[in-house]
């Protein structure tokens, strides 16, 4: 279907391909050595050429048209699917796919939490309550082995990805008091999705900094869950995301009390050790702080930390491109693991900067 | 000197007028009914027309030239001065001015802390260690009476202004545990000053979110001090500022544990009561959050708060235009009080939006 | 209705007050010494508080609610109206207002061209074809006398305003060949209106430069018409507007062949002479070029020019804030003239910069 | 030297590697299948790790240090060099390199014009006046054969690249009157280089649109020269570049009189035919216009055209990423041709969007 299609390539479908994360998956898959896109599913955009909505994809998808994907029969023989649908839609669409033998990486939040958490955090009763329990949480730096064998991977949210990579090693080393963790996050507007609204109108975004869903963002329990798995003990998280005037990029600034006196070097050391061998995590030396601009377009997560001995606080910071390591790139990293490939196959490590 | 000069106007000098805060003072004073600018001091820019560096000021300062101000003798008869010099320079320049009878509002940090704090937080020994104690902290919403009679006002920093207006009422009402307060701040690049650098090069700022001076920013002790005065008890603050890709505007997101169960309405109520009658503080109703874009160009500070009962945390948020309420506007508000005028005289309340 | 209402003030209605231009009219009228807003008309937003859509206006319009304005009977006694409705809607709504004795400044394009031009350039048959001929073109720098006595003023478009102020003096002085004028315009996204769309989604605007309506923009005949009145001879204009990643601001770069050899000084001299006494036109000295950033928030138009002797070309450049001198500010300037006031009354001359 | 170094790879030196274009060359070469970077020359930055100035390059250049390159002896055995030095510096440094047998692609303007043009357009006497005549102009879409055999390639400027690809086919087909061509260009700030200045300070760029070097930009004669080669007849160009608030990206809007009546389809047809087979030129269908955002990070140039029959004018538009197709990407495309490789080898065709 696309110019780089090779006979030996694994055929992959992208559902919800007309959204930002789906389109980013198309971009990254176009250069992948082992996968080939055979279907690009969409809703309202079905029937329109990919290059109509995303002219930048024309060189690789010049002749591809978004298609309506109702069920497994519409996948054009794909053995794997990246699903980037709205949460509730995904919750309905994914189980039949998996049951039909398609291996799925789901980019929505539909399979990340226990089923009973959905009414409170996502605003809907989970339509397939038995399924979240079957999904593997797709953070390769923590769960690579489980991912390799999974039929259904719940790809992490952008914020939880950055938080987990910056904070989990510190919790698992016992450096932090898990009782109260405060996370202040900043995101570019692509995180709010493609749908036009007042909220993302350039006239309202330029010059603005806007907290939203204070204390109620659906990534809060996901963050608590992954940190609890890391530290082995419950973690209470106060999470406040902000929209900043940028397109791509998420920066999370995480605050926790030090469990006992520790230096910046201790914190950086724990991060370095934990992430040794992780191809997409860059631990910054003491004195440096992450910046999402530097990872734009790449699958890298930058992490850094500072100890403030004056107040007994640790500040851990993570930065990702929300569309790559925070969505489509990580999904492909998971897909790589699921297919026995090098987890880094086909994924960019150099951001486009400046 | 400027077109709106009236004989009855109080002659005012602006020192450090070529920086962003100084130039903003020129802008605001141009429309002031009771003050008239008689000297615009500068360093390297001395001798150049104001309109060279700031063409937008040409309509009001078309014929004004920056001048070298060495001491009181260069003030062209000004009875009052707004001083927007670098910290250490201000620490040396202000005392002789005050001793010569000029009433000063100093916009630097030179008189905000106890003298002994300067080596650690500002990197220099205070050259006039007896003077910080003589200055009144110029936050009109808390210290209007002292300001009215002051000879020297230490104009607050942009971050401390937003923090104090958002947080002090909650502390003084006993709603918060003062033991650990976390403040995550976001600032546009004008806060970094006019001097060109890699840090403020557009190519490096667009798309970036950059934490800086983590735990070591000089506004930290200033924030602790003003919160301690509000709450009557020591407050330990972890403060992390970030540079976001905007020009004007500061947003501070403040986290503290609730001293006892309280609702969002309780917090908003305390803010509303405390700020009733404050012409430049807008308390947002429950459910709304501040945005610095909405106060750009105005002297308004927006504040709002949310209680998160799940984690027992209060989130209080403040937003100011760092060059107006966070610098020059507040300085003029102080100057108004010092001259027995309505504190709001000549100051804009409507931001330029979008 | 607003806090600055005074008994002696002229009651003014703003129709289409929920759009960017209408809201800017509210902002500017809040500080006007002689006008008072008595009605803020809106469509879908009728019934909602002004401060809901435009929180920055809360200090002046805290208690004002957008209202449905069907006809003169809904104007709350206003003797004058600023009408900022969509073109075709305005074409229907304005005549009854004027017939009822209300003096109108219409900010749409509905009364700027001859009636027969509307199908081709605006896409609709003019519903009140006798009315464009009754309107005075509201460019105060050229038609102040006619405006003073007008019942209906057609407020110029943002692009034509900047073009006319930069180019008309050169044409009327015979410095340019009117046969072929090329105008390349750049606008911030607020010019595209408040309605959300892909086109103004921050994710699509940041980093983009987008030509639109190449050769077919509805301001083309308006530009030709005003230049023809200036030069006394037909002018053919090729006009290409571009959307750039900014909020406010229009810059027009105008190219024409020199009618005979002339220097930059000749061009600047003609601009200076023509605009002497114009309170809102700033002619830049040779060597300087306009920048819309410097006039943001103000009613000023910057103009400048360069002669390129090598190719025999004149380059004239104009910059305005499209919401102020390009819309609401100019409308109030017209309203001032219509009421015998100083044309500059209540209008800002200092931009908010940086 | 970098992780992708292979024994068979051609060793390449990058001089001026600490500037934006040089660093972009490092980024692109890191993923190139046939070249390997063996030296990264710099001036003030010599001795500092590449990752200090460009942290995004750390994954590929983590252990590489900028070095001082005084002459051929410092090239670590490189057989080819990309030289991204300041113009005059390049004019001195390149000839000894070529004489020593190194094949050079020079990204400065030092070898693009006849030697006698340098005082007027570049402000210096060419120190090696015999050398511009030995260089091949490195626009692969027009001069691929000459490039293949060249020892010294003068890599085109960003503006001339976009102009030539949009306009040359129309001139060579005789569709345009070459007498007067007007080019209005818009560039992001990375085009102004890495050196900090007022001009590129974020506080001055956001919200601004700034014409610069009106009629005197050094790319003017380069544009005239390449268009003359295309059309076979002298072309007089009025060229006005503008800085817009973006980082990457150049858009050129070119205006010329139609030589005889022609439609948009005629123009698009000529572009399509001329560029058939060009791997990096995307001709947009009638009705679409280029946008540099869509080619950001890629080596693609988008071109489009519109005929305005009303005024007899053709509008041709081109867009490139100034750091890729406008600099480092095109340089590598040339390097590919010089080494007998597919000209597209190792170069990205998909932009990072949004």
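Letters A, B, C and D mark the chains as written, and numbering starts fresh at 1 in each.
Criterion: a contact is a pair of C-beta atoms (placed from the backbone, for glycine too) under 8 Å apart; a residue touches a chain by one contact, two chains touch by 3 or more.
Values in this document were obtained by computation on a predicted structure and should not be read as measured data.
When the partners of chain B are compared with those of chain C, the chains appearing in both lists are A, D. Where the sister copies chain B and chain D meet, the same residue numbers recur on both sides for over half of the interface positions.
A straight line joining the Cα centres of chain A and chain D is 35 Å long.
Chain B and chain D have CA centres that are 45 Å apart. Chain A and chain B have Cα centroids separated by 39 Å. Within chain C, contacts with two or more other chains are made by residues 20, 188, 190, 203, 206-207, 245-248, 291, 296, 354. Within the complex formed with chain B, the residues of chain D that make contact are 20, 188-190, 194, 196-198, 200-203, 205-207, 245-247.
Contacts from chain D toward chain C in the complex involve residues 180, 182, 184, 186, 188, 203-204, 206-212, 214-215, 236-238, 240, 242, 244-249, 251, 253, 255, 257, 289-293, 296, 306, 308, 310-311, 313, 315, 317, 319, 354.
Contact residues on chain B toward chain C in their complex (touch as defined above): 20, 27, 30-31, 54-60, 190, 206-207, 247-248, 282, 284, 288, 291, 294-298, 300, 302, 349-354.
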